[in-house]
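This structure is in structure tokens; I'll ask about it shortly.
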Amino acid sequence: MHSRSSLALSLAVMVASGAGTLAALDWPLKAKLFPMVIGIPLFFLAAAEVAWILLSKTPEEKTAQAEISPAIARRRSLLGAGWILGLLASVVLLGFPIAVPLFVFLYLKLQGREGWVISIAIALGTWGLFYGLFDRLLHLPFPAGWLLSWVGFFS
Amino acid sequence: MLEALLQGLLAVLQVKAFSFMLLGILVGFWVGLLPGLGGATTLALMLPFVYNMQPVEAFAFLLGMHSVVATTGDITSVLFGVPGEATTAAIILDGYAMTKNGQAGRALGAALTSSLIGALIGAAALALAVPIVRPLVLSFGSPELFMLAVVGLAFIASLSAQGVRGMVRGFIAGGLGLYLAMVGQDPQAGVARFTFDSLYLSQGIDLVPVLVGLFAIPEIIDLVVRGSSIAGTTNPGRIQGALEGVKDVFRNGWLTIRCSLIGTLVGIMPGMGGAVAQWMAYGHATQSARSPEERAGFGNGDVRGVLGPGAACNSKEGGALIPTVAFGVPGSTSMAILLGGFFLLGLVPGPEMLTTHLSVTFSMVWTIVLANVITVVLCFLLLNRLARLTTLPGHFLIPVILVLVFIGSYTTNSSYADLVVTLVFGAVGYLMVRAGYPRAPLVLGLVLGKIAENYLYISVARYDAAWLLRPFVLVLLAVAVGVVLYPFFQLWRARKRARA
Amino acid sequence: MRSLLFAVLAALPLVGAAQASPYAGKTVTIVVGYKPGGGYDAMARLLARHLPKHIPGKPTVIVQNMPGGNSIIAANYLYSSAKPDGMTLGTFNRNLPIAQLTAVQGVKFDMRKFAWIGSAANETTVLTIRDDLPYKSFDELRKAKQPVVIGSTGPGANTYDFPLLLKDLLGVNLKIVSGYSSSADIMLAVERKEVDGRAGSISSLRPFVERKLVRPVVRARSHDVDPTIKDLPTDESLAPNPRAKAIMALRSAPELIARPYVMPPNTPPELLKIMREAFVAAIKDPAALAEANKAKLDLEYTSGDEAMKVLAEVLNQPKDIVEEFSKYVKFGE
């Protein structure tokens, strides 16, 4: 697992620095100098790491979390990532004002198996902090639905 | 001069000024604790309130608020692994690791004490610099700024694990950071680099969403995986050891002072940005390891990795005030806003602040000192309560922290793209932790890349090759070489000892 | 039943007041295309404090920051997403007309279709050089044998574009060094004699002119010019040919509407009228002027109709001028 993570990372860095260097070729000298000077060595460092991983026979052991079996750890990691992506989806689809209390409530109720009262109380408390501070006091723009908000993003 | 020093103190101790300072501390306390809600933004929002204040009152309010933010930002970083401020991320590495080992109290004790010492040293530097401030700041030109960035980047070597493999990984991380710094329109030819035609990326990648993703997201997933409280099962019921943390700072007194000086120096440099200070200090702290085993302990809860960044983060504020006061040229974003405060009050920063208005300048020094003392005392009183949060079952904290992380990153540009950046770097951070890559070099590269590029171009355009022979450039070059070679020296020394 | 009737009767005057002004009890939002802390943001916050008393119904006025893409994101939002119900105002980068003209990636608005309220300030760009240099006037600067080093942030900023045109179109012996993090950093470079001068708006340079660090030598066209720089030559008046003059005029045009304020397209005319009147009144309000003066902000009113004229001037340029112009000036901050 350890070396698989490293393989994924260094391959990604290879792709990014390789593609970046190719893209930089067309630029004027002053714009491309730094991207080239950094990008090319970066590509080879990442390539060295990839070669290292592929050539080494014994994969390195992961040290931490001795008390949790790898299978459970993997399942829980995916669960955590799922909750995080779920929050992103609900923010985008429903907007912060609804997503914030909903997420806190659902997490406490489903993941934490807390009672109704505690779940609702903490959800409301978080919402109160959110609404009072970020909405009323700081006037951050929190778009309501997803249709409004994709304007200007990757356009 | 002594008279002005005393006048400055008396001015701050006036009832009105003092109460405004307390108010500022109260606001700053919360701003620091909440991730993402930055000190600079808050300063901008508070500016309108200073219209009807006297200069000393206004600065007691603004500076009081500002000096506290770094201190309480450290608390969030240490307790929850979430950067409370962009400038307090470095303390996470060892601070949060200590918390996970059940040593939250000791980590906080060290962080707060070193913050206080750092702030005092920064304030002292500001006061002492008064007679020499102009030549001091003017002797640092673009070539020196470039070399300082190089020194910063040289710390990548110290921040990597020892051995060739560790170095390769460290430099991949550092190179990636530098590469990310290139995103956005370049200031030489005006080319939009790596923006994929997106408006969001056209002004470069912001630090806050990256930091939050890189550090907070992996820790949240880790907390889900462990399924326990942050402090885990090691927690003995009542958290103690704050005093131990205080003692740690004095045991490593010389290191604390050195890191404070690094912070002050970075603060004085206009355009270096506050985020650089902590990382350079952290890099320096790792150099104090005497054996490979000790070095490997950094990142797993070495107290020196807490007190170094803690000191630098607060000492940089005194330093940042120096160019602001003496030239009307702000050393950081917050200082730029503070400068707006000067104008509002009818003060024109510049040489006069060192002569006619000297007592105002000294009142700022005193505000920094008093605000920090008050905050640290306050925090020590609350410390046990705060630390107890880490013994709560994880599922209480996870949703609240996650929501705050999302909002915090969203406040950067009020764009959902901020959230996407956070999650992308969350994934990168997660992989880096699993694969054993150091995250610090990535951050250093990101914060220093632009500075290195721009100031190199300026140096060459302005001085051709002659800049290489400037005395400070040579000194900094020697320092950079020393910093790069130091890990090898550490290794050699350790081997020699082992043989002996 | 009777109590209900009473309640209705009691509420009538309130309803009457609410109907008198569409703004009573409402919240008006000023969307700013930048982060808090800059000039655009400071102006919006100043107006947010002084607009309410001049709008019938005294609504609450708040400021929302929507930064990114040199405020193209905010302009796109105002153009197509914000409701034209009179409750949203916007202020953004004055150079957006240039972005539209040169078809910058991501622009999804037509400046002319916004409901223009006007501009709260105009800027005059000047070139300042160090006071201790031997060149006391622009004429003397033009004869300089040694290149005069001008510090700048980068293409797209007036610290870069203005001296670039002076150099390329008027042949002034300037050397532009770009890459400084901010205009404040350039001032420090001036202070340590790393560079010889900087261009920028007079409002940002005034403190340094007053303390005799730098002196202004040439300015761009403007209206309501600060009396201390009124007699400086303008770049356009020295242009060697109409083409050069057109390019300089195009660069400086957005500065006439330096703090633009708009409402979304298709905002009802009666609401626009209320807002335009409140805008003038707030800008001329002595309390607002006093505050602006303290904060070193310039406050000058330009009407929405005049803003439209400036837009027409910018956007109706012949193609060849636009092409020529794009060679020199890039859209930026």
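For clarity, chains are labelled A, B and C in written order, and residue numbers in each chain start from 1.
By definition in this document, contacts are C-beta pairs under 8 Å (C-beta built on N, C-alpha and C of every residue); 3 or more make two chains touch, one makes a residue touch a chain.
This one's a predicted model, so the numbers in the text were calculated from it and none came from an experiment.
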Quiz item: When A-C is set beside B-C, which has more C-beta pairs in contact?
Solution: B-C
Quiz prompt | Chain whose Cα centroid lies nearest the overall Cα centroid | solution = B
Quiz item: Which chain's centre, taken as the mean of its Cα atoms, is farthest from the centre of subunit C?
Solution: A
Quiz item: In angstrom, rounded to a whole number, how far apart do the mean CA points of subunit A and subunit B lie?
Solution: 23
Quiz item: Roughly how far is subunit A from subunit C, going centre to centre by Cα mean, in whole Å?
Solution: 37
Quiz prompt | Rounded Å distance between subunit B and subunit C, as computed from the means of their C-alpha atoms | solution = 34
Exercise. Spell out, as numbers or ranges, the residues of subunit B touching 2 or more other chains.
Key: 41, 45, 186, 188-190, 198-200, 414-415, 453, 457
Exercise. Mind pulling the residue numbers of subunit A that touch at least two other chains?
Key: 140-141, 152-153, 155
Quiz prompt | Set of subunit C residues in contact with two or more other chains | solution = 64-66, 68-69, 72-73, 106
Exercise. Flag every residue of subunit C that touches subunit A in the complex, lowest number first.
Key: 29, 31, 62-66, 68-69, 72-74, 76-77, 80-81, 106, 108
Quiz item: Within the complex, which stretch of subunit A touches subunit C?
Solution: 139-141, 148, 151-153, 155
Quiz item: What residues of subunit B sit close enough to touch subunit C in their complex?
Solution: 40-41, 43-45, 47-48, 51, 137-142, 185-190, 192, 197-200, 202-203, 270-271, 323, 327-330, 333, 336-337, 339-340, 343-346, 348, 350-351, 413-415, 450-451, 453-455, 457-458, 461-462
Quiz item: What does subunit A use to touch subunit B in their complex?
Solution: 1-3, 5-6, 8-10, 13, 16-17, 20, 23-24, 27-28, 30-31, 34-35, 38-39, 41-42, 45-46, 48-49, 52, 60, 62, 65, 68, 73, 76-77, 79-81, 83-85, 87-88, 91-92, 96, 100, 103-104, 107-108, 111-112, 114, 122, 126, 130, 133-134, 138, 140-141, 149-150, 152-155
Quiz item: In their shared complex, at which residues does subunit C touch subunit B?
Solution: 35-37, 41-42, 45, 49, 64-70, 72-73, 105-106, 149, 151, 153-156, 175, 177-182, 184-185, 187-189, 191-192, 194-195, 207-208, 210-211, 291, 294-296, 330, 332
